[in-house]
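All remarks here apply to the structure that follows.
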């Protein structure tokens, strides 16, 4: 028997950093995961911990670097953590830092008061192996909905098919996206990619979630040259037209039953290169 | 033995209504709970269901009334449901309708595309008994945070007290509020009350969550004459200053550990009347 | 304006206590909530905290009493906390302690290894005001299901009724119960009441959730003289017979679609006294 | 630009199947996910849905096959679904079926009454591509805890290390395991693997989560020749000794603060083959 790929680290380190400038506090609210790969087999097989950092130490480092690093960009903070752990962990060969940023929105132009924002949770993943560093960004929990301009027609009909065709339905999804950059991105890039995703979701008649997924991915690659590849995962949160005929009422696409399960799940990656 | 207070109904009816006007679809995304009280003892004790509406029927009614009612105000929709069930349920003496509205925000000035909004979940409760109808509104899951202008000093110190005093801390909470109206409110009233709550959260130095709770409640009663009484429940989501001295670093209220449990919980009701 | 009823405390204090006896460690895994009532108006209205215990101090007390108290019974531990805070909090008039116990089950007859148990989360609430102490116990998240011996017939049929009658359906619910004792119960009492609830759920043909609720409540009062009153809240987790006729298949109550929303909600209190 | 890997399907189909034999109903409560891979590019790029099955049809198939298949083994049910979709979906090249089984435990020897069981959620994944079929089983949410016989010593100490060493701590984790079989397993195999995991968790002094992970994995490979490889993911749910010295009390590993975040996360794969 053999120990194959293995890793360890600290997950869900909740760190909040305030930057205080006169008249304007800036707030970054992060959940950080640290994962180290390397040869830790002595700990696994003989109980020899001498090559292991405590995960508690990793937590301490996240807070310490949050103090010394400006966190002017999520990716630069992630890269600083990668660099630290590549040096600090004996026998470490690869470090992966996952950061999720929880959105806050300033109350008007208030100096220091905020409410929870919207637009999804931003993610950033920085991984380092030797001198190579990779950057991936993403978004979770971005709920979007169209009340029309969506249909589902012309699909396979077999003996188990009961769904009617429609050219007017609600389309609702919770966007989960991950995209990779060729090099460390500028801080405003994430917001720009999100805006592109939102715009592309809304700008067309959708004959299927598949079509909309592809269009959103292509829009990001077209408008953001730094993005190499994007993966989208789109659950189809079905809104079922409620049958009101039984009560003598019509229902011209007005009243729907929103469901959570089951749901369709459409996934795909769009990348640069010849089709 | 005796059956004392009892009730039944349908919970979490998920209804979405679209109102289609040229150039502008309006969307209301609701979760509705129906609860009936009355004398249902025959069902409980002898298995005689002849006085019971099926909860499935209640669900059908919610969708049917969503079609025929404009849902121009949450409270008027709730009142229509109350009126229906007071008449439809034999032996029913009291009806309570709880509605939660999930926020959506239009994408720019798009006709029919939305993203999940922010600012908390709106609630409305309408209850009817005989000819009397009561109206209660509320808000859930409104996360707010101040990076400063909050302290905690001068509290009791006994042999179990280890917390240091501070005049500069993060104050973070998840506002849960419920307020009652003397009569059916106008639709824009809810938004106005929320704005007052947000403003009052941010407009002062907070010596305690208790003080801020009272100020928020008083602000609502002062500015909104239709509100009779307000209950606030404010969990104190502690943000702990992380000790960086151990690593040779200072931490002048910049880097915090955000915690979820345990949390302080401060609750109170503010009402009109002589102090 | 006036501050009406108000309270504060610490919620979700997660305390685990091990009792080590040779060959057999005993584990109690608790979440404790402390809530104090009294006259705390100075803090609310003038920022004077001199009558307030820090909620952090309450947390410390929970851990300290977990050390000095045997926790041989949840209720006696709760009563010790009540007594402490009635004395420690200046101006406190009422203390409420809520305890939830997370179940663990010993792995075979192992001295010190456990897996998460089943049978629901035990709750205990002890409240003290002056010299009076009240005891309430309960259970949360107890999922039970019958594959037959449940029906729903003879209910009101009106113009919004579409549900067919049935004398054979799945009955599934998540029992939430709360019962009160006349005086502090013995530790094994909780387990005995749970067994009664499970037995009464299963021992009859159920013509409605209402009937089963009443039978479960009556069984507890009959067999447990120390219980004064019991409240049951039973969500009806509908299992819908899936229509397979469309595919040329019968479905004699064999294949069901389990749903989570909407759900019926049946609630009632059974108490001692002449009917 | 090019569409790279893509897939679609239906997630969270909730199907309950009862098998009624005299005196003993058997219940299987499943959540099924269907995912199809193949060339669906026409739908993505030109809105041509003619090669797509509706995900609603996939749901129908799950219920129909639940009727015609005995579900005597999760894996054989999964294989039947794989076979169906490889034939039904035009252009489909690969099908993956994920099944989660929710545990129920019979109430005593009752014919048809159950309560939610324990011991984690069973998972089964069957994937088919051409004539090749692979079988993977797993377990989620298996909480286990040892009150002693666990330590953490001899790890790296650097300038960010503050954690003391210990040879007596609580070890608590939520086992997530996935293992692969060379061929379709017999139905009782899953239970046997789970028993091995539980036994191996408890049978030794643990110098680290890494060591225990490796021992659990090796035990499975040793005792279950049909298992080719196992991946374990073990979050370290830290239980922190609460400092009671401040209150004049000792705490010889008796009273702990149970935490949920942050947590250590230890992952590894053990496979057959020369070490």
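Observations, loosely collected:
Here the chain labels run A, B, C and D in written order, and each chain numbers its own residues starting at 1.
Convention: a contact is a pair of C-beta atoms (placed from the backbone, for glycine too) under 8 Å apart; a residue touches a chain by one contact, two chains touch by 3 or more.
None of the values given here were measured: they were computed from a predicted structure.
Looking at A-B and B-D side by side, the one with more C-beta contacts is A-B. Comparing each option in A-C, A-D or C-D with B-C by residue number, the pair that reproduces over half of the contacts is A-D.
Separating the centre of subunit A from that of subunit B, both taken as means of CA atoms, is a distance of 29 Å.
The distance from the centre of subunit A to the centre of subunit D, each centre being the mean of the chain's C-alpha atoms, comes to 23 Å. Put simply, the C-alpha centre of subunit B and that of subunit D have 37 angstrom between them. Annotation for subunit C: residues touching 2 or more other chains are 14, 60, 64, 160, 162, 246-247, 261. Remark: subunit B residues 14-20, 25, 27, 29, 60, 63-64, 66-68, 104-105, 107, 110, 112-119, 142-149, 170, 198-199, 201-202, 239, 242, 244, 246-247, 249, 251, 253-260 touch subunit A in the complex. By the touch criterion given at the top, residues 159-160, 162, 246-247, 260-261 of subunit B touch subunit D in their complex. Residues 1-14, 33, 35, 40, 43-45, 47-57, 59-61, 64, 88-90, 152-156, 158, 160-163, 207-211, 213-214, 217-218, 221-222, 229, 235-236, 261-275 of subunit B are the ones touching subunit C in the complex.
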